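A short write-up of the structure that comes next.
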Amino acid sequence: MKIFPENASSYGGEVDFIFWLITGVVAVASVIVIFLLLYPVLTRRRKLTKTQRYQKGEGFRNLRLIYLGILLLAIADFFFLYKEGPTWTKIEETLPDKEFHVAIIGRQWLWEIVYPGPDGKLYTADDVKKINQFYMPVNSVVHMDIQSYDVIHSVFIPNARFKQDALPGRNITRWVKMTKTGTFPLSCAEICGIGHANMKATIIVQNKEDFKKTLTKLYKK
Amino acid sequence: MEKIKKLTWREIPQARLAVWTLIAGEFVIFGGLIVMYILNRLKYESWGEMAQHTNVWAGTINTFVLLTSSYFVVKAHEAAVHKNKAQIKKWIWLTIVCAFMFLGIKSYEYTHEIMHGFTLPGKHLVAEGLGVESRYWSFYYTMTGLHGLHVIAGALALFFVMRNVTKTDKNYQRIEAAGLYWHMVDIIWIFLFPLIYLIH
Amino acid sequence: MNTHKKHGFWHRYFFSLDHKDIGFQYMLTIFFMVSIGGFFAYVFRMHLAFPDMKVPLFGLVTNKDYNMLITNHGLIMMMWLALGMLLAVAGNFLIPIMIGTDDMAFPKLNKISYWIFLLSVILMIASFFMPKGGLGVGWTLYPPLSVGDFGYNTPYKSFADRFFTANTFVLLAIAFEFTSLLMGGINFFVTTLNKRAKGMSLLKMPMVVWMINIANLLFMFSVGPLVAGTFMLLLDINVGTGFYDAYRGGDPLLWEHLFWFFGHPEVYVILLPPLGILAEIISVNSRKPLFGYKFILTLTLIAAVLSTMVWAHHQFVAGIDPRAATVFSIFTIIISLPFAGIILAYIATLWKGDLRFTLPMKWALGAVALFTLLGGFTGLHLGASVFDIYAHDTSFVVAHFHYTLFPTVIFGSFAAIYFWFSKFSGRKLNQTLGNLHFWLTFIFFNGFAFPLFLLGLAGQHRRIADYRQFEFLMQDPLPLYRKIATISAVILILSQFIFLFNFIWSLKRGKKETEDNPWQANTLEWQTSSPPPHGNFKVYPVVNYGPYEYNRPDKDKDFTPQNEI
Amino acid sequence: MDIHSSNPGLEHEVVVPKEPDYHGHPNYLKIYLTLLGLFALTVVASLLHNPLIVFFIVFGISIIKGTLVLLYFMHLKWEPTLIWIMLGLALLILLFLFIGTYPDIVPVQRYLVPKA
């Protein structure tokens, strides 16, 4: 049984790794908690006699064991942070050199993908606009200028493990690098009105020659 | 000033404790508004020009009126300590007059601004394409308006407490509790005044 | 003061000044709201699993209906059930009697807070019947959408058109509810500080009193900016101030910040009172002192302060500065530590105890287990900002917050109701029905929420009316998971009728509770008659012992009431 | 500390203050005149031309004025530490709000999608 949808981006594997890392550590912690919880529940159903009565600090003997628990969790926590930090920096904080640049503009209830025109620059008069069809070359860094006309939308590409809200009034540039060709879904993950459920686009990842052909076809129109 | 030791928290009367808690809550509400205003103000330099269109003199007089009213309220509180009903009545009525003066000047100011066309964008927006600057006036009306509501609430509280205390001849500590609220209204204005009117 | 008069219906349910009656008023109002919220949940869950079916009792669900249902389900459950049940109801019932006093510090203020609460409920219900239908923007009310078609793009509408909309009414309802809870909170705080019984020092207060008060203060401090923000959103809708309108330099992100600046501490506001309730129940039922009273208290205070610094983890992908997100991620992960300490302290209380598996204890253990294992630990997944990129706004988040909120709010409330029912009514709840209710709720809650984790990991995003448009979400096991979740949710909702029947029947016909102190508990509410008279105590207690002194070696019985001499 | 006669053991009634010296009464007139003086200073300072200097002077004086009103008119000086803590927490939380929100509002470049 597969848990995640097929990974098709360069950083998707790292996101999955963080998930499995945390899940693994948490599984161990869960076993410990389940033991701690079940042991008294299963064994302590008898009446205490007077001599067995409570002495101060009894239980886990004393607080030290709880401090140990907190310390272990703290170590695990900071280990997660240490592991995920570089990935976060890679995905969100840095922009590798671009090989292709598009603008994704959300509006109720469709995605407008704006491709640079023959001059190769975005935001010029010869830009080409396509509704809900996002062509991109495989194995190359694609910058996406995520924008919105009206309300908040969210670009969600499950196969790339990528998500970014599109806010009216600002331009957010993020990048993605798809490693597999094929078609992948792109949906809106932030509620944006009645048509929210219908708001989806298709990502068509092509190898570089096919992509060039597609571009020329787009320019002809 | 005589030296008096601090109260411990067990000794504080419950009305006063309640009003102090309320004041802390109000600080956060107004503080939230002020923080948002400051953030926007830092972002948009053009708001400084808008601030020049405010009526500084009206604001100045209003500050003076509120400071004076605060003084009247402490005098009323001093009278309440000695259970002097006539004095209580005198000082609180003076405070309420101050509140009305404040509101009168405020409404003069609003009329002035609206006549000069500094309105909320609402209706005209699409036609005239008002932009970033219009939101200065949004903040202006929201902050002063909310403060105005507090002035009214404070004046009402003082009035009812005064009536209650002078009629029943007990619960004199309520004068102080209502007075605390009034001082809070004053403090908020002390911060709103420079933020809205003075910094260009 | 102690003369108990029989009062008429209106006097008891509307004009009463007694804290127990006001608590009961709150409780009935909240039961009413929950039944609406639960019904909404039933309708949209049915629609998700069986998209083309006419849902019984509702009919065909359109996209618009669906948005409205999820929005109002969220709002009702978060704002009215969780906040109301755990601040207003628990505070009203427990605080005065547990600190050994007759009533609130300001009984009239208490009554007025209930009226304002009722007004907010009425406004909320009225919002469903506005000309344009109920609000359908998600319970977070993100602005450009919640301002509706009153923004830049559309021509001016008359004031009546703007005012009589669900948007305005819901915001007004929220504003009034906050007002009510703030007034109630001030009342609780003053009561706790000023009206404690003689000898009840702060460190002899039961944990639940502490927790409710910390939650109240946290609520008071964090809600302020949102009150201002709600006011601004109302003005945006009704007079067009444009605070959140990007085309006038406003910023939707500002609302997100204000909302979550309250919204995250709110989670802890909701969490702390049930933790207090669990402390009471676990300690009583393991016949042992609560482990590390001061330790738990310190951790709670630390967590309360920390909780105001983590809010932006709800906005990791909302366009905030990624470097700021790193800081918030660190704080988020750190805040798991105090709660780990608290849970471990509860577990330590169980160890070497003399456990009694009474009904409240079952609810309490269930709550601890589910909250820790599936609620708390998945919080680590989401707190790690990288995985949150993927999991944000998917069913994973839905499952996570149902696993944190359901065990605390619902299990905690049921634990409290099963624990204090006999004190409140003088009658016993039926145990068989209670056991049935517990097991059905426990099993089918898991059956409902766990598949959502798997669906979320498969990439199912939230708030979609019809998943058939997304092929990758219709691959094989996923529709089955949705059906399992739906069927479990329906059984979960149905099994609450067992409770409702038990509650109403036992209130009128249940077995009389003969003892004042059936659980042999220490705290003061058990040291008066059941139900307590108006004014709570015949003779006001003088406190000599701490709240959790069970099994003292120097005593004959295994409990020592706080007011024992 | 007298105990309420009808409720033996009920301690809360003791907090009805014993007039007139349950907290200090400073010379209110002096404080008031100081406030007016500071206020005059604010108005004069606002006539300066450098906005930054105006901001610091004017805001600084506002803080002094607010503190004076808090300390003496509202008798915070004699109130228990609990209330200081509460007000302090309110300010601290506002500080958190400011710091957390600042990077997402102030330095952000606005970009509006051109209208179709």
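Note that the chains take the letters A, B, C and D in the order they are written out, and that residue 1 is the start of every chain.
The rule is short, and it goes like this: contacts are C-beta pairs under 8 Å (C-beta built on N, C-alpha and C of every residue); 3 or more make two chains touch, one makes a residue touch a chain.
Since the model is a prediction, treat every value here as computed from it, not as a measurement.
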| remark: Check: interface with higher C-beta contact count, A-D vs A-C, is A-C
| request: Calculate how many whole Å lie between the centre of subunit A and the centre of subunit D, each centre taken as the average of the chain's C-alpha atoms. | output: 44
| Centroid distance [mean C-alpha coordinates] between subunit C and subunit A, Å | 29
| request: Averaging only over C-alpha atoms, locate the centres of subunit B and subunit D and give their separation in whole Å. | output: 13
| said: Centroid from C-alpha atoms only, then distance subunit C to subunit D, rounded to Å. What do you get? | reply: 33
| query | Got the subunit D residues that touch at least 2 other chains? | reply | 12, 15, 82, 86, 89-90, 93-94, 97, 101, 105, 108, 110, 112
| remark: Multi-chain touching residues of subunit A, meaning two or more other chains, are 168-170
| field | Multi-chain contact sites of subunit C, meaning residues that touch two or more partners | value | 105, 193-195, 221-222, 224-225, 246-247, 249-251, 253-254, 319, 323
| field | Full enumeration of touching chain pairs | value | A-C, A-D, B-C, B-D, C-D
| field | Touch list for subunit B against partner subunit D, complex | value | 1-4, 6-14, 16-17, 20-21, 23-25, 27-28, 31-32, 35-36, 38-40, 42-43, 48, 56, 60, 63-64, 67-68, 70-71, 73-75, 78, 81-83, 172-173, 180, 183-184, 186-187, 190-191, 193-195, 197-200
| request: Sort out for me which residues of subunit D touch subunit B in the complex. | output: 12, 15-17, 19-29, 32, 35-36, 39, 42-43, 46, 51, 54-55, 58-59, 61-62, 65-66, 69-70, 73-74, 78-83, 86-87, 89-91, 93-94, 97-98, 101-102, 105-106, 108
| Of all residues in subunit C, those that touch subunit D in their complex | 1, 100-102, 105, 193-198, 217, 221-222, 224-225, 246-247, 249, 251, 253-254, 257, 261, 308-309, 311-312, 319-321, 323-324, 328, 539-542
| Touch list for subunit B against partner subunit C, complex | 9-10, 12, 14, 17-18, 21-22, 24-33, 35-36, 39-40, 43-44, 120-123, 125-126, 130-132, 134-135, 138-139, 141-142, 146
| query | Across the complex, what residues on subunit A touch subunit D? | reply | 105, 147-149, 168-171
